Amino acid sequence: MRKKVSETRLYRAEMNDKILGAGFKEFNKFFALDTNAYQPGAISVQNKELMGLVGSMVLRCNDCIFYHLDRCVTEGCSRQEIYEAMHIALVIGGSIVIPHLRYAFEMLDELMAAGEGASSAPAQA
Amino acid sequence: MRKKVSETRLYRAEMNDKILGAGFKEFNKFFALDTNAYQPGAISVQNKELMGLVGSMVLRCNDCIFYHLDRCVTEGCSRQEIYEAMHIALVIGGSIVIPHLRYAFEMLDELMAAGEGASSAPAQA
Amino acid sequence: MRKKVSETRLYRAEMNDKILGAGFKEFNKFFALDTNAYQPGAISVQNKELMGLVGSMVLRCNDCIFYHLDRCVTEGCSRQEIYEAMHIALVIGGSIVIPHLRYAFEMLDELMAAGEGASSAPAQA
Amino acid sequence: MRKKVSETRLYRAEMNDKILGAGFKEFNKFFALDTNAYQPGAISVQNKELMGLVGSMVLRCNDCIFYHLDRCVTEGCSRQEIYEAMHIALVIGGSIVIPHLRYAFEMLDELMAAGEGASSAPAQA
Amino acid sequence: MRKKVSETRLYRAEMNDKILGAGFKEFNKFFALDTNAYQPGAISVQNKELMGLVGSMVLRCNDCIFYHLDRCVTEGCSRQEIYEAMHIALVIGGSIVIPHLRYAFEMLDELMAAGEGASSAPAQA
Amino acid sequence: MRKKVSETRLYRAEMNDKILGAGFKEFNKFFALDTNAYQPGAISVQNKELMGLVGSMVLRCNDCIFYHLDRCVTEGCSRQEIYEAMHIALVIGGSIVIPHLRYAFEMLDELMAAGEGASSAPAQA
């Protein structure tokens, strides 16, 4: 797996540890709420992660895009499904989303090439 | 069906007609692209509309929320599925989404009570 | 008290009841987290509400502006404090904030004239 | 001239007076800066107002759209110029801009029908 | 020409090729629509690119700012015109735009120093 | 003091000099207005800087977050106060703010470790 992917995951994990270990319990509650939103339910985990991807792209947040893309690949979403979700985000959000589409394409290739998805570490959007 | 729902649909239809009939063909192309994004594909129409709902809520656009909620109900999404999508949007977008959650709850009850969804007229987000 | 203020409060209270009574517990957790953020702490409630006002104005959410302005008046913030917070929001957010400054001025006069602030009902941003 | 146009202008004028008369001089400085941005310069007033329209549409602010559209019509921008600027905004901002495009079309017809543009009162975005 | 400019252009071109070659035709349609928006029309290409710059700055997208600035310089916009458009964006978008103004100034100097603008390769915002 | 902090300050100072020395006086006026917004008044400088931090976090601007965090530390805000302001921003802005919370935590540790705050150079958000 390329460095960019593993480094992005590592930075996220380290900083999340710092936040969750800061002794400010409201941060922990928010992170728990965030994790719960993507648990299996009436909507499948795959589709929830694709929804997280759409939300991240229209709000133009690369770190969030990386995380949900990583989760989508781990959960077994196909390239076609990911493209369709990306296109919904592109149409909703407009050309301003294109730089994030470029980033998403770059990361998707790396994540798919790695043949595996997210680390087992707990993570937040 | 309550007035608010039918009036919202009517205004949308009338104004879309005005835009699409203005003789500026690029508008028509954009609207066609928008319609295509929600056609059946690797992702089901139900899930695509739920994704449209998430995108609309995090970007805080009531007209867009109404449209995708209307489509979700028409396509047979359950209340539980809609709540789960709304919750993803709430967590991603934060408390600033709450006023739009209130609007969505208000409209959802009206749409569900009507026992039917969107008019057959073509519509855009 | 003028109608606009009481009606805005009433709609908020009714819709919040609907959301919190929907049986989807994650919504309740988010609302609790939201309420907690403005409790007394190292920062005073007055300043926390002014921070909520700044956040609401730069994100251009009138319902949120109303709520935090209502809370600011209830907590006894002075006009000068409110103007200074509004100005920080205006400078951060730019002329796009001006329509919300107009709304805030309109509501502030009504809230100040009422000689009292928010209803005792629990409320969320 | 239809009511909607004159009422929108009146509310703006009244509330601007309230803000500018509040005795908080920083507000006045911001408004002056805003007015100056659209004065004649290397870029013509027509094109500056069209730029204001684009900025207002991608940021999805109806009050700002109304103001710049009103100014565009007053300054003699053609329908074709306005459509081209609207299309740039639509492509940049995506389908989330469509509800504001509907509003802009509605207002444009009223403003064009009136055969005249903005009132002579000083105004801010 | 400095490295930053050429590298930014190269990354954009490579990733656009990847997106446009992915076999998902809706992406291609969106990119074509985007390109069309800046073609000569009732508004000159120079002013359209300046509008693209304003839209990019108020939405705070550095990649988009770079692209439209590059195009503005290529099309022969003067420094004064670019400053006036930047100022409209600064006033509309507020101090939150300042970091992007810094980026734009940095890039503008490099682009102007190069004595030439964008590569001849097709590009998207 | 670690490099990241000093380099971030240096780049800001250099680019601000470039903007303020460009001979376009409206930029100078905007920067002056921005500086004035955080002067002592009815609200303390500490709380104004915390408000600037909240505004910067909900609008997700790392450069702005750095600047206001730097100012907060210089003005003697406690970790607890900064955490409470960050939490208000997190709840208002949602999980999309988390990557900026990670950045803020990273910078806060560096700024606190340095035992001092912002350079004496004038700076803008």
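Every chain is named by a letter (A, B, C, D, E and F) in the order it is written, and numbering of its residues begins at 1.
Rule of thumb we're sticking to: contacts are C-beta pairs under 8 Å (C-beta built on N, C-alpha and C of every residue); 3 or more make two chains touch, one makes a residue touch a chain.
These figures come from a predicted structure and were not determined experimentally.
Under the touch definition stated at the top, chain C and chain F share these contacting partners: A, B, D, E. Chains that touch both chain A and chain F: B, C, D, E. Chain pair with the larger contact count among C-E and A-E is A-E, by C-beta pairs in contact. Residue numbering at the chain C/chain D interface overlaps only partly, since under half of the positions present are found in both copies.
Taking the CA centroid of chain F as reference, the farthest chain centroid is that of B. Farthest from chain A, judged by the mean position of CA atoms in each chain, is D.
Between D-F and the choices A-F, B-E or C-F, the pair with more than half the same contact pairs by residue number is B-E. Taking each chain's centre as the mean of its C-alpha atoms, chain A lies 38 Å from chain D.
Chain F has its Cα centroid 28 Å from the Cα centroid of chain E. Rounded to whole angstrom units, the spacing between the C-alpha centres of chain A and chain C is 32.
Residue positions of chain C with contacts to 2 or more other chains are 26, 30, 33-34, 37, 55-56, 58-59, 64, 80, 87, 90-93, 95-96, 125. The part of chain B that touches chain E in the complex is made up of residues 26, 29-30, 33, 36-37. Partner chain B is touched in their complex by these residues of chain C: 11-12, 15-16, 18-19, 22, 24, 26-27, 30-31, 34, 55-56, 59, 61, 63-64, 124-125.
For chain B in complex with chain C, the touching residues are 60, 83, 87, 90-91, 95-96, 98-99, 101-102, 105-106, 109. Against chain A, in their complex, chain B makes its touches with residues 33-34, 37-38, 41-43, 47-48, 50-52, 54-56, 58-59, 64, 78, 80-81, 84-85, 87-89, 91-93, 125.
Interface residues of chain F facing chain B in the complex, by the touch rule stated above, are 58, 90-97.
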